[in-house]
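Below, subunit A partners subunit B and then partners subunit C, in two separate complexes.
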Partner chain A sequence: MKLMIVDDSKIIRSRIARIMADATLPAIEIVGFAANGNDAISLFKATHPQVVTMDLTMPEMDGVECTTLLTELDSNVKILIISALSDKATAIQALKNGAEGFLYKPFTDAELINALLELIEE
Partner chain B sequence: MSDLSEKDIEVFIEAIGSYFKQITQEAASIGVAYLAANAFPMNDFTGMIKVSADYEGALYFSAPSAMLRHLLTVMKETNQSEENLLDAVGEIANTISGNARKYFGENMVISIPEKVSGLTSKLDHQSRRHAYVIIIKWKHYSASLIVDISRIR
Partner chain C sequence: MAIVDSNSIKTPSALNKYRGILIAVTLFLLFNLSVLGLNFYTSSTLDNDAVSINLSGRQRMMSQRTVKALMTIQVDAAQGQFNEKNTAELNKVTSLFDSTLTAFKAGGTVLGGNVKPVVLNQLTDTVAIKSVDQALQIWQPYKKLLAPLIVSKVVDEYTLDAATTYARNNNLALLKLMNDLTTTLENSTKAKASKLQLIQTIGLILSLILFANIVFNALRKLRASDGEIEKAQRETTEILNTVKEGLFLIDPQFNVGSQFSSSISKVLQHEISANMPFMPILGKLVSDEIYASAQDYITLLFGNKVKESLMLSLNPLMQVKVQANNYITPNNLSTRYLSFQFNRVVEDKRVLHLLVTVQDVTEQVTQAEELSKLKGQATINLGLLKKLLEADLFQLQQFLNNTKSGLASLNELLANADKRTSNNEDLAKLCFRIIHAIKGEAAAIGLDAIETHAHQFEEHLVALQKKDQWEAQEILSLPVMLSAMLEQMSQIETIVFAMKSHHQSISGAQPLSVSTSVANNLIRLAEQVSQNQQKNVQLKLNLALLDHIDSKTSNQLQQISIQLVRNGICHGIETTAIRLAKGKPAQGEIALSVNISPEGVMYFVVRDDGQGIVPSRIRAAMISSGRYAKDVVNQLSDKDIVKKLFEPGFTTANFADKDAGRGVGMDLVQSIVNTLGGELKIDTKPDQYTQFTFRISQHAAINIEATEALV
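So, the complex of A and B:
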């Protein structure tokens, strides 16, 4: 299963990739990283990932808008929002726009792995 | 314009405490918040989040480079370039302000982080006459969280 990581923080992008590598999840292959919604759309079209981890607060295009556009491009894509925005309204909005899971920052390695496994197994 | 209450400030204290606990598996010691008009305890690197809508002002997380390097090590990040240290303070400020929205709600709109090195002890666009200062001690390092936020609606 191909995974794209979208977050404006380089250390968060690296951390997610490292957790995936350490966990040796057999079915997941990281196909690329994007630091904003615009880059994510381009990368998505080029690599066709089935799973995306998506930050919300990003420059140029935020994660909610990007989630909407990605699900328009591929209604089967599974998007896990990973964000510090902890208010209920934001989570509801993201889920309405096509995301299937929500993980709050800060997160532990185990929380990320469990959230991704849940998403994939759905 | 109304002042933030003690309960409001507690939200930021809980958020920074929770960040260190979650990321390092080790509690940080969080000092009692105090008010300062100037001479803010800025460190090597500072992340700033501006707030808007029902609130105005900004939140600052400022930390020494040694503390940030140690945090990156805990996160197994081997690239400890200045770019990544700046990224770290920005991400911490972003996480604290984002977590605080659980309490303040969506009407506290937060910006993407601005990250600066070598900030002076004066704030450029201070919103409050006196801003709250919270000192965080983790291992032998000391960082600061400055809450210069006012409720305007």
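So, the complex of A and C:
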């Protein structure tokens, strides 16, 4: 299963990548990273990932808009929203627009893996 | 939070529920079918019986037609005639009679009345068989005698005569037998018919009983299940009426369900009715932003795409501040906090309803806020401690003294405020001056908390100054603010005191001097006793000379001091109320001092500004205590009364407590004075003071002198 990581923070991007590497989930393969919504759309068209981790607050195009566009491109894509506690309302927006999972920042390794597994299992 | 799953409530399957009724109905139908079958069978045999009766009746007729045909042939023969018609008739009736009789005996097909063949069953009735057998015995020879008459046209006289003779002799018997057969068959049929009637009657009765049973059972079951439904409904209603939370369901159109807890209207402060749209109610309670978020959230919950456990933490209404017009007491806008929780009610993976639980969490939220405020205060105190540790100890002490006296003056001013309401402006100015000084000093040392308090006080005063008339409530608020400052000051004082001791012990400075140690002890004692006695007493100490006398004497003086301070507080100093009534300062004072005259005589003076020693009062107390006889007491002189004070065990108290009442204090003082070889003088003035003066010089005799004031 192909995974794309969308987050404007390099630290979060590499953290997710490291968790994925440590967890040795053979089913998940990272196909790319995007730092904003626009990059995410281009990367998505090029790599066709089935799973996306999505930050909400990003420059240029935010997570809600990006989620909407990605779902329009592929209605089967599984999107995991990763947001701060204060972003509750935005997270609800993203879920309404097609995302199916979410995770609060800060998160532990296990929390991220569980959230991804739950998303894939559905 | 558990998913509310309607599947979990098991209903018995329809087959199970109605099994009894189904069995009863099946039995009923089977029974009716068997009765019907029996009926059918019996009726069909009755049909056969009718044929038999009919044919046996015909046999009677045939026997007579045979005789008639025979007689006709004989009459014709006597006239020498021959009529073929008669022979044919004879042939027809004999053959019909014969075939029918044979069929009665063995069963078979015969021609019926309408010349159509009918099946005749073999007879089973023994009486009928017997009749047939007897008839056959008569018929067989009869048939043989008749046979030549049918075949030949030429009838000889002998044959004809033999036949007619046989006929004449046997005709009646044969007729009777055929008649018997008919009667027997008719009776048998009648019996069958009545049997059928009986079966039908019994069947009908049984089927009626069965039917009644079914109806009764069905009704009983229906009533039982109705009862269960009613009970369940009653329980639901009871729960909904009792539960403190607002409970209701909303459907996918966001309408409120038909059942909801009675507390819901109170919690939401909105009248709720069935099928009412929920969102407008919410709209009146929360901000537009939260409303929009809640709408999305509820839509998502009905969508069932995102797991409920995930949804839970996203709930924008988990704790929401609502500002609603109180519908019970209108126009009373109150801020409350509500908590809405949503649970999916799922059936076949479809979200049918959301169960909404609403709680008023105002109290919890307020408590949490207070707790966090307290935490804030704790950090302020830590900050205060830091400031105090940084400050100069001497400066701090000075600030403490100045501020305390300033606050005391303020307190006094405010306590008397109502007396001066005509001169509010002056009062405010006076207060302002004091508080401003405190503010300045606090700022100089860096005590922010005190400075803030003082500043607030100042602002309040400024606000008051602008008003012509002070409201009672506004004046009352000043002492409240003052008490907050006093509390803070007492904290600072405690810390400064601890710092001072610490400072002394770590700096390796001289150990506490005798005078300081005695002073500390007396202060502590005075605080304790005055607190116990609920009196307000201040010690004024001048004991520096104690450092310069021998330790034995100073120790004895401390002992005396302890007794006299205790006595002074318990018996001398009046309560604040009494003192104020007498026009004295609220706070009582006990002064202790040690002086040495140029001649080297030491004077130890203990003076309180209490009620004084008044012999008449002591007399009254002695009598009312019940320990002393009235006559004896009245005979004592004033001097004797005062002397009594120093007698061991003398007390006027009705019961002893920690501080006084055991009657040992003055006795102890007396004994110490004796040991020291000193002189004790008591000066007293009613309602003004009592002064004990110890004059200590070697070999001096103890002498108690009462002053003129006493006498």
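Keep in mind that, in the parts below, the second predicted complex is superposed on the first by the 118 of 122 C-alpha atoms of A that agree within 3 Å, B and C clash if a C-alpha of one lies under 4 Å from a C-alpha of the other, contacts with A are read in each partner's own complex, and residues count from 1 in each chain.
Just so it is clear, contacts are C-beta pairs under 8 Å (C-beta built on N, C-alpha and C of every residue); 3 or more make two chains touch, one makes a residue touch a chain.
Since we're looking at a predicted model, the values are computed, not measured.
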item: Fit-or-clash call for subunit B and subunit C when the two complexes are aligned on subunit A; value: fit
item: Which of subunit B and subunit C A:Ser9 touches, first, second, both or neither; value: first
item: Dominant contact partner of subunit A by residue count, subunit C or subunit B; value: B
item: Which of subunit B and subunit C A:Ala91 touches, first, second, both or neither; value: second
item: Touched partner set for A:Tyr104, first subunit B, second subunit C, both or neither; value: both
item: Vertex subunit A, arms to subunit B and subunit C (CA centres, degrees, nearest 10); value: 70
item: First, second, both or neither for A:Pro59, with subunit B first and subunit C second; value: first
item: Minimum C-alpha separation between subunit B and subunit C after superposing on chain A, in Å; value: 5
item: Set intersection of subunit A contacts, subunit C complex versus subunit B complex; value: 88-89, 104
item: Of subunit B, residues touching subunit A in the complex; value: 18-19, 22-23, 72, 75-77, 79, 83-84, 87-88, 90-91, 94-102, 104-106, 110, 112
item: For the subunit C and subunit A complex, residues of the former touching the latter; value: 289, 292-293, 296-297, 299-300, 305-307, 310, 313-314, 316
item: In the complex with subunit B, residue positions of subunit A that touch it; value: 8-12, 14-15, 18, 57-59, 83-90, 104-108
item: Subunit A residues within the subunit C interface of the complex; value: 88-89, 91-93, 95-96, 100-102, 104, 118
